[in-house]
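There are structures below to look over.
One chain, chain A, links the two complexes that follow: it is found with chain B in the first and with chain C in the second.
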Partner chain A sequence: MPLYLIKRMISMLYVLIGVTIIVFLMIHLIPGDTAQTLLGGEATKASLDALRHKMGLDQPLIIQYFIWIKQVITGNLGYSYSLHINISHLLFPRFLNTLVLTIASLLLSILIGVGLGFFSGLKKNTVIDKILSALSVFGASMPVFWIALMLMWLFAIQLRLLPVSGMYNLRGNGGFADLLMHLILPTIATSLVSIAVISQMTRNVVSDVVNKDYINYYQSFGLSHYQLNMKHILRNSLPPVINIIGLQVGYILGGALFSEIVFNWPGVGLAIYTAINSKDYPMIQAGVLFIALSFVLVNFVVDILNIVVNPKLRDSNK
Partner chain B sequence: MYTNIRWRKFGKYLVKDKMASIGIAIIMVTIITAIFAPLLAPYNPNEASDTATRLAMPFTSGHILGTDSQGRDILSRLIYGSRTSILSATIPVIISGVISIILGIVAGFSKKIGGFIMRIMDVLFAFPSVLLAVVIAAILGPGLFNVCLAMVIVRIPYMTRVVYTDTVQEMQKEYIEAASAFGRTKFEIMFKELLPNVLPSLIVYATTLMGVTVVTIAGLSFIGLGIQPPTADWGLMASNGKNVLVQGDPYVTLFPGLAILILAVAFSMLGDWLRDLLDPTKK
Partner chain C sequence: MRRMNNGSTNILEIENLTTTLRIPGGKVSVVEGISFNVKAGEKLVIVGESGSGKSMTINSILQMVPDSLIDSYKGIIKIDGENILEMSKRKFKDIRGKKISLVAQNAMTSLDPSYKIGKQVMEIYRHNHKKASKEEAKKETLILLDKMGIKNPEHVFHSYPHELSGGLRQRVVIAMALTGNPKLIIADEPTSALDPTLQLQILDLLNEINQKFGTSILMITHDFGVVSYFADRVIVMYAGEILEMGTVDEVINYPLHPYTKGLLKCIPDLSWLDKEDKIEKRKLSSISGEVPNLAKKLTGCRFAPRVSDIPEDYHESSPKMHKITDTHWVRCTCYQYYLKDSIAGLEGVK
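Right, the complex of A and B next:
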């Protein structure tokens, strides 16, 4: 295995440990006593002590952490205060639903963001570039919850073209087409900011690459426009663009939280939101852990991809 | 005298860039609106006006932007809402900027402490910032102060990294070597030599972050973690409009959302302009 891969894996490992420590401490920072919250104000001291003992709350913090980690690794995320079910049974399917939404949003952001940015970069300072740039300034500052509501009002309520909420039509039989219809609005709302940011950055990268000497050099060989664009400009723009896309994953995961709430999309974000309202702390903890862990993993993959497409980085990492 | 010339140059650049002038104008108008809200608002923002019907349409006489589901004047609520928006956009960013500049300079100056500080930042980077803000606000409980505190914590890793990267670059320059040869203390090198050189890029970044912060704090209010009713707040207003939006009336949500968007864009235009101003290759 190459050295940079091992180095990157070691750094991922301590980030993972750090993340679990923060997520674990989260529940201990909450004001109030867990056992008291669970049993209510009228619980006797004996029953409180019994529950604390059962939950391991009378152990030192560090022991509690290792007990918790052992449970997490074996897929046991604890028990929900409000829904009275095993959290992992609820969150695993929810996580898949979030994945559907975030992957769709990421694909849309890459496709449209890179496409528009590439086009703008080639046509720098033309009218169409200026219009696209102005639009992207607005897109990058868009409040996700608000645009989600506005899209819902326009396309689902006024025009009745798309469903208002949920993931499947309750009376229908599900199916892929039904899922796609329900996916359109949340995906657009989630990806709008990333489309704008990716297109802005891609535009800057591409317009820099276009002015490089080697592009002129290739042009003097009489390469066709298509060959020049696709083979040389796109390829040379790729490394920074991949980096930008990687950074956007975090925004998309955050934006998905709002889209899930507005469109009632049954994902981890919606689960965290309902858990916040019912003060279901183990559920919040598990949801946050899920999203943070997947974010760490994505960052790892992006870094590796970056090194693969950009050999210069590989050497400096040795 | 010298400062005077610098300010004049600053002003000249500002006039030349239309977008930046518009951005500054919007921010100034918002600040003035926030200060003089009681004079500007036609109605009490938290009470239903007697003459109003509920959910009056925009351009109804007496209510230019209409009323919400409780019969409160939307324009008045927007005017008062500028207060929490402008405060919650600027103050958390400034506080985390001050903390980050200390952390970033110390981290860049001393390799030992730096490794430790930046490893902690790496862990915080593992959380998408909106999610981290939501979680901290959920733990602390709702309210403007707690939301601002959450934003301070969330912004620190990003700003610290900007300062740290700059400091590491500056450390390799000759003036630092010269300063230490002249017997300057570590403290003097960090805060008299390095600080003025790393500050500009942090200010640019902070200005852009203020726009992002307006949007994030509105989002926290939207999901019920931020400012609590009946306070007039743009995020909360947009959230209140959700129920009537489903019934076909979008205006209660439309206007506060537009206000959030416009203020955020204004900060981002100002940030872009400051960046170009400080970037020698763009002149």
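Right, the complex of A and C next:
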């Protein structure tokens, strides 16, 4: 097990290096001259060269990469040319806000997705299962930004039950209850698709496990439904469901960016969005790096969880 | 401590059991009007091809036909004197595991892959003995595993199912079935998934359990080798009905029903190895035709379509069980066709 952890960490390192290279190149391969964009069309050649030198753009690409990566490792994400502040100072708190929204959405999707999927898997081909399946196809096909707008229109504007946007009431004292109220709509918007996907997958896995010989055998001893469902069916459905949830984290992170923009949630997504509008490349780069790193990290955690819940995997990785 | 096999106590009594399933477009009786008993300490084997209704018979006894399929059970299934068909579900749950338990067919897939063996056996033990503490359950589990002829119980206790061989897993499955000290074990083809050397070991183990604890065993199989090695009594099933029933000696040495005879002929015979005329002897025989479709209404002798050489008037229009000896019964009068020339043969049976 510890050996596996080390192996997995090493392979994660490769992925991380790959991610940074892609994020780095992504920005540098975009057509257009950064210095020119920043200074405008009327800038003199001398001032352009001076800025290029200051930003290190006159260095070969590979040197630029290493300079950048050295900065990233030391926690320096560069300087935002549109907001004129150090990006790390802006992005770290923003990242925490994104984390709040992502974790809330993830919890909601796991709770409802696995719950509903488990229920319909046990009741496969009954009316209730068919209704739930139809609903989940419906849910899975809706784009996040559209759901977000519809939720906002219905609950915030028509019914006036929940705040329209933001993270805290600006005139309130900003307590936990206030945060929760602001969190509800973006969370629902972000997690709806994942709920649908997770519940569909869980349903398929559970309806498969239900027909396994060992479930049948345990049933023959007259175990209670609760014991059978929780201890044996749910437990054996976990490995594939955890994989699906792991993949959905990526989707939720992506969905959270949309929700942040629609609901004006002060997270990384909103930061990237404003950065894109003002062509603030270092900022975009840092934001994308944050998102990509979280995804890699989540996949690492999912892999470890899988080893924990699946004894067969544990052995093959000894 | 073996209970006396005096024939007076029946652990299982089945009278006129008919199990009907719902299928698209109608109903089908997969078990029709079967009656038999399992006495205390007895080893009864039901033999038949796929589709003969032998699995449905044990599923009916254990009430394990899925709710989505079952239409109705008719007749009487008495376990230790109590009719389970008139019993509340809750009460029947108490009987499962304690009075009757199942030894699953496929040991490779009948253990939960996510838990260690010890945990699984302990779970069933504590289900059957609600008051048992964890330590007690562990102790009993280790003793039970040891009794199953497992060499290193402590090691098996801490292993996952995938770490064990098929034979060991089958022993664990049998141990689980024995946790509640049942009076009757129902074994669903316990050896079909094992290779021949292991088959014998498992049959010996079941024999030993029968001898030591006096547990009655009802086994289903399609293998006459298992029947002749293991059974006290045999039931031959075909298309949901019992065709012949008797002691192992009666059924194997003096088979009466043409179906039983056919089945016995189908057993591969290795005596050709010593014969001169090897090619001729190596041929295997089979019963022509196939098991009838139960969804269609069946009348008369269900085996008649597959024995075209027997004239129709030898079959009964509604075949009954005929008593040959106190223990030997056979359905339909068609068996007499083969005996018509040799009264002596009939005398021999009696």
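The rule is simple: the second predicted complex is superposed on the first by the 315 of 318 C-alpha atoms of A that agree within 3 Å, B and C clash if a C-alpha of one lies under 4 Å from a C-alpha of the other, contacts with A are read in each partner's own complex, and residues count from 1 in each chain.
Definition applied: a residue touches a chain if its C-beta (ideal position, glycine included) is under 8 Å from a C-beta of that chain, and two chains touch if they have at least 3 such contacts.
Quick caveat, the model's predicted, so the values are computed rather than measured.
Trainee: Aligned on chain A, chain B and chain C: do they clash or fit?
Mentor: By the criteria stated at the top, chain C and chain B fit after superposition, with no clash.
Trainee: If you count the residues of chain A that each partner touches, which comes out higher, chain B or chain C?
Mentor: B
Trainee: After superposition on the shared chain, which partner residues are touched by A:Leu223: those of chain B (first), chain C (second), both, or neither?
Mentor: second
Trainee: One more residue to check, A:Val309. First (chain B), second (chain C), both or neither?
Mentor: Second partner only, chain C.
Trainee: Classify the contacts of A:Tyr214 with the two partner chains as first (chain B alone), second (chain C alone), both, or neither.
Mentor: A:Tyr214 sits against chain C, while chain B stays out of touch.
Trainee: Once the shared chain is lined up, is A:Phe138 touching chain B (first), chain C (second), both, or neither of them?
Mentor: The first partner, chain B, only.
Trainee: Determine how wide the angle is at the CA centre of chain A between the CA centres of chain C and chain B, giving a multiple of 10 degrees.
Mentor: Angle at the centre of chain A: 80 degrees.
Trainee: Check the residue A:Arg235 against both partner chains and state whether it touches chain B (first), chain C (second), both, or neither.
Mentor: Touch status of A:Arg235: second partner only.
Trainee: Does the superposition put A:Phe263 against chain B (first), chain C (second), both, or neither?
Mentor: In the superposition, A:Phe263 contacts neither chain B nor chain C.
Trainee: Working from the superposed arrangement, determine the closest approach of chain B to chain C, counting only CA atoms, in whole Å.
Mentor: 16
Trainee: Per the definitions at the top, what is the overlap between the chain A residues touching chain B and those touching chain C?
Mentor: none
Trainee: Would you tell me which residues of chain A are touching chain C in their complex?
Mentor: Residues of chain A touching chain C: 212-214, 216-223, 227, 231-232, 235-236, 309-312, 315.
Trainee: For the complex, which residues does chain A have touching chain B?
Mentor: The touching residues are 11, 14-16, 18-19, 21-22, 26, 29-31, 137-138, 140-147, 149-150, 152-153, 157-158, 164, 250-251, 253-255, 257-258, 261-262, 272-273, 276-277, 284, 288, 291-292, 295-296, 299.
Trainee: Under the definition above, what is the set of chain B residues touching chain A in their complex?
Mentor: Listed in rising order, the residues of chain B that touch chain A are 119-120, 122-131, 134-135, 138-139, 141, 211-212, 215, 218-219, 222-225, 235, 238-239, 241-242, 245-246, 248, 250, 253-254, 257, 260-261, 264-265, 268-269, 272.
Trainee: If we count contacts the way the header does, which residues on chain C are in touch with chain A in the complex?
Mentor: 62, 64, 92-97, 101-102, 104-106, 109-115, 123-124, 127-128, 160, 162-163, 173, 176, 180
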